[in-house]
Amino acid sequence: MFILFGMPIAQIMLFGFAITNEINNVNIAILDKSQDSETHKVIDKISASNYFKINKAITNENQIESVFKKGKVKAVLVFEKDFIKNMQTQKQAKIQVITDATDPNVANTITNYVNAILLNYTQEINKNNTSSHQIQTQTQLYYNPELKSVFTFVPGVMTIILMLVSAMMTSISITREKELGTMEVLLVSPIKPFQVIIGKVFPYIFLSIINAAIILLLGFFVFKMPVEGNLFLLAFETVLFITTALSLGILISTVSNSQQTAMMLSLMGLMLPVIILSGFIFPISSMPLPLQIMSNIIPAKWFIIIIKAILLKGATLNVIWKETLILVGMTVFFIAISIKKYKIRLE
Amino acid sequence: MLKNKIVSLARNDKMNKEKIIEVQNLTKQFGSFTAVNSISFDVYKGEIFGFLGANGAGKTTAMKMLIGISKPTSGEALVAGFDVKTNTEMVKRSIGYMSQKFSMYDDLTIKENITFFGGIYGLSKARIKEKTAQLVAELGLEDAIDKLVGSLPLGWKQKLSFSVALLHEPKIVFLDEPTGGVDPITRRQFWEMIYAEANKGTTIFVTTHYMDEAEYCDRVSIMVEGVIEALDTPKNLKAKYNVASMNDVFLKLARNVE
Amino acid sequence: MSIQVHNISKSYNKISAIDSISFEVKEGELFGLIGPDGAGKTTIFRILTTLLLANEGSATVAGFDVVLDYKAIRNSVGYMPGKFSLYQDLTVEENLNFFATIFGTTIEENYNLIKDIYIQIEPFKTRRAGALSGGMKQKLALCCALIHKPTVLFLDEPTTGVDPVSRKEFWIMLKRLQEKGITILVSTPYMDEAALCDRIALIQKGSILKIDKPATIIKDYKKIIYDIKAKNTHQLIQDLKNYPSQYSVFAFGEYIHYIDENDNFNPMDLQNYLEQQQHTEIEIRVSNPTIEDVFMDL
């Protein structure tokens, strides 16, 4: 009953709140080379809006790269030197809007919103003045200069597919034994629950790796995806994520009594939340707070960050260690709960 | 009592008159493997025909062809006058079928099951009502009529299944191991129901692994490796193989096949 | 005592499956649980193999308590559940290897135990288990249950749905296993197989009706059963049922088993009655009771 009615309702609610092409609370960083009263006024205005949250103030351009790689901000605004002087003498000053274009839609939106705020600002100044002032923006796109959406698409799709297929494959594995009757015979034997669980996960790791490899190869050769980062790191993180997804599937399997339930849970129960809350299509920062918190428990969210960082930004382990650790933790957690929930009797 | 006697005497005469199943060189192949190898036999109206054989002998395959759910590779078969190759729909409508595996819906009550199957067989509402009353009276189920079938003991389910297979009064009913696992008393009650039905002129085509039940049949056929190795009355078969029971006849004839 | 069961009861959703069951199986005994579907045989098996917990009562298998020492039991018994439960996609050989491995042994180590049985399926060792016939599946399942040399063997309806030839072969194999000292608890709905056990427990609707050696059970049965035959079987049954002093009338293959209420019953009276009813080829003689007869009268 819950699956038939509850899940669709929950998912529609999810969809409704999560889907938005607007941006809210996007983290940005400021590099203010002038540090004068004018720049401060502009910065105040920007931070007063709900669209942006000024997360960090950096002091020189070398920091831009690292702050993007860490994924902490989606844009950096660079105020030129002598901003106020230029405004007064030349009636215009420049701001560089540097966006992380791995997510081209967000990058575009950020640029547009920044421009809108700045326009509004200048309109206000010009109201009280006779001459018109201007703030010129120069946009720069990092990592994806051509704004190729496929660059955000391929990692995202790969994550979703790996997640769903891996979870689905293993979700029916234990319930199938229950349904066929072989579970009875397995129980009356020395074999321990963790051996059964590990035994079930293992073969699917290899199958999923093949899946992942195919997607990546297609990404390279057909869509010309860059691979800035280390291949070994990529392989390691992919296998890690696969294991996470498989162990989630196993967990579903141990708590389901029929293959049908397991399939429904893994397919319908996982699919939409994963697609929506992983940040793959819709920016997480734009979602209401409860959903943002929920998105933290979706393994896919963390893997998308990892894989985008490696593929597009060339990140190394010391940048993504936090996300990696989270995935490891989730895997261990799922497996531990599976072992605990594994029924050692028939009832 | 006298009427029963006359009817049963009449049944003995009626046999050997009208053929209700005619099989000629019926064959079924799966790839290179021949499951049923050109079998031929007839079943007469009102007969209780036992269709025996070891596991893997081809019994189930043959039966599936006769009830119209499997297409023969070659050969002919007429069931209730309809060709199993070209007229499967009419075959299905003219027969009743009951197997151990499928009987009724456990989450419906007895009454609901009868209504459901009555509807499937195309009975009118009035007829269903009539039949339900009849069935309930015959089986003594008045108190249980609104109970879920799943809560009934196996023996009752089987008897009910049998009756439901006969709702549309088919000319012939196919019983696939109907008494497996049922307790001995209910088993015999079941066979008394079979006898009563055969008396009315319904032909019974039954398979079983209980060799004592083979004795109740008018004629018995034994399949071995896709071929009918024996076909006669139990009495004649025992005489031919010089043994005392159908169990011994079977042991002599049937070998396990792979 | 290899298996001890003491007042075990079990209900599912308030419906009682078995009620206060007690029995014992000696070491090396071939003990049969005889009863139809729904009698509670599978429930008893599942409790003894530690797959279910009883609501009441206690039980031990090979000295281990089924609740407290369940792991020890799971490590040492062989179990063949009612449905065929081996891996259909694995071959005969792969299934056997799998079960040997999870019990920490190899096929070679205990081969002599399964040799007689395995020889019959060895020609098909590369065939997928799902493609075997019913009789062959049972043999394979038996081999897999034996491969780790269990002290106790639990066989839940191993011959159900299997043809008489395979059934007979299976029981020959069981007898040979018994000679090797394995305790065997087997359940079956087939009454004729009961006679092949050392001792049997007759079960119906969750209660044990009788426990003893088959021969003793038959010997203790005091009523006289008559085999009766006539040309028109169906009519014979009707007429016998209408006979005033009849106690029970049941078809038993060729013959009808007839029991009369009166101790001083004279078969000639019955013969006359039948002749009056126009029966021909009448045969009446005293029969030897079978377990089935006893069961039906309990």
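Residue numbering begins at 1 within each chain, and the chains themselves are lettered A, B and C in the order written.
Here is the rule we use: a residue touches a chain if its C-beta (ideal position, glycine included) is under 8 Å from a C-beta of that chain, and two chains touch if they have at least 3 such contacts.
Note that the structure is a prediction, hence the values are computed from the model and not measured.
Colleague: Treat subunit C as absent and tell me which of the other chains still form joined groups.
Modeller: Groups after removing subunit C from the contact graph: A | B.
Colleague: Just grab the chain with the largest centre-to-centre distance to subunit B, centres being mean Cα coordinates.
Modeller: With centres defined by C-alpha atoms, farthest from subunit B sits A.
Colleague: Subunit A to subunit B: how many Å between their CA centres?
Modeller: Subunit A and subunit B have C-alpha centres separated by 64 Å.
Colleague: When the centre of a chain is set as the mean of its C-alpha atoms, what distance in Å lies between subunit B and subunit C?
Modeller: 26
Colleague: So the centre of each chain is just the mean of its C-alpha atoms; given that, what is the distance between subunit A and subunit C in Å?
Modeller: Subunit A and subunit C have C-alpha centres separated by 62 Å.
Colleague: For the complex, give me every residue of subunit C touching subunit B.
Modeller: 15, 35-39, 123-124, 132-136, 157, 160-169, 189, 191, 204, 232-235, 237-238, 242, 250-254, 277-278, 292, 295-296
Colleague: Inside the complex, what are the residues of subunit B that reach subunit C?
Modeller: Of all residues in subunit B, those touching subunit C are 1, 4-5, 8-9, 12, 53-56, 151, 153-155, 177, 180-186, 188, 191-192, 195, 199, 209, 211-216, 234, 245-247, 250-251, 254-258.
Colleague: Which stretch or stretches of subunit A touch subunit C in the complex?
Modeller: It is residues 180-182, 184-191, 345-347 of subunit A that touch subunit C.
Colleague: Which residues, counting only subunit C, touch subunit A once they are in their complex?
Modeller: It comes out as residues 46, 49-53, 71, 73-75, 77, 79, 81, 83-88, 99, 102-104, 144.
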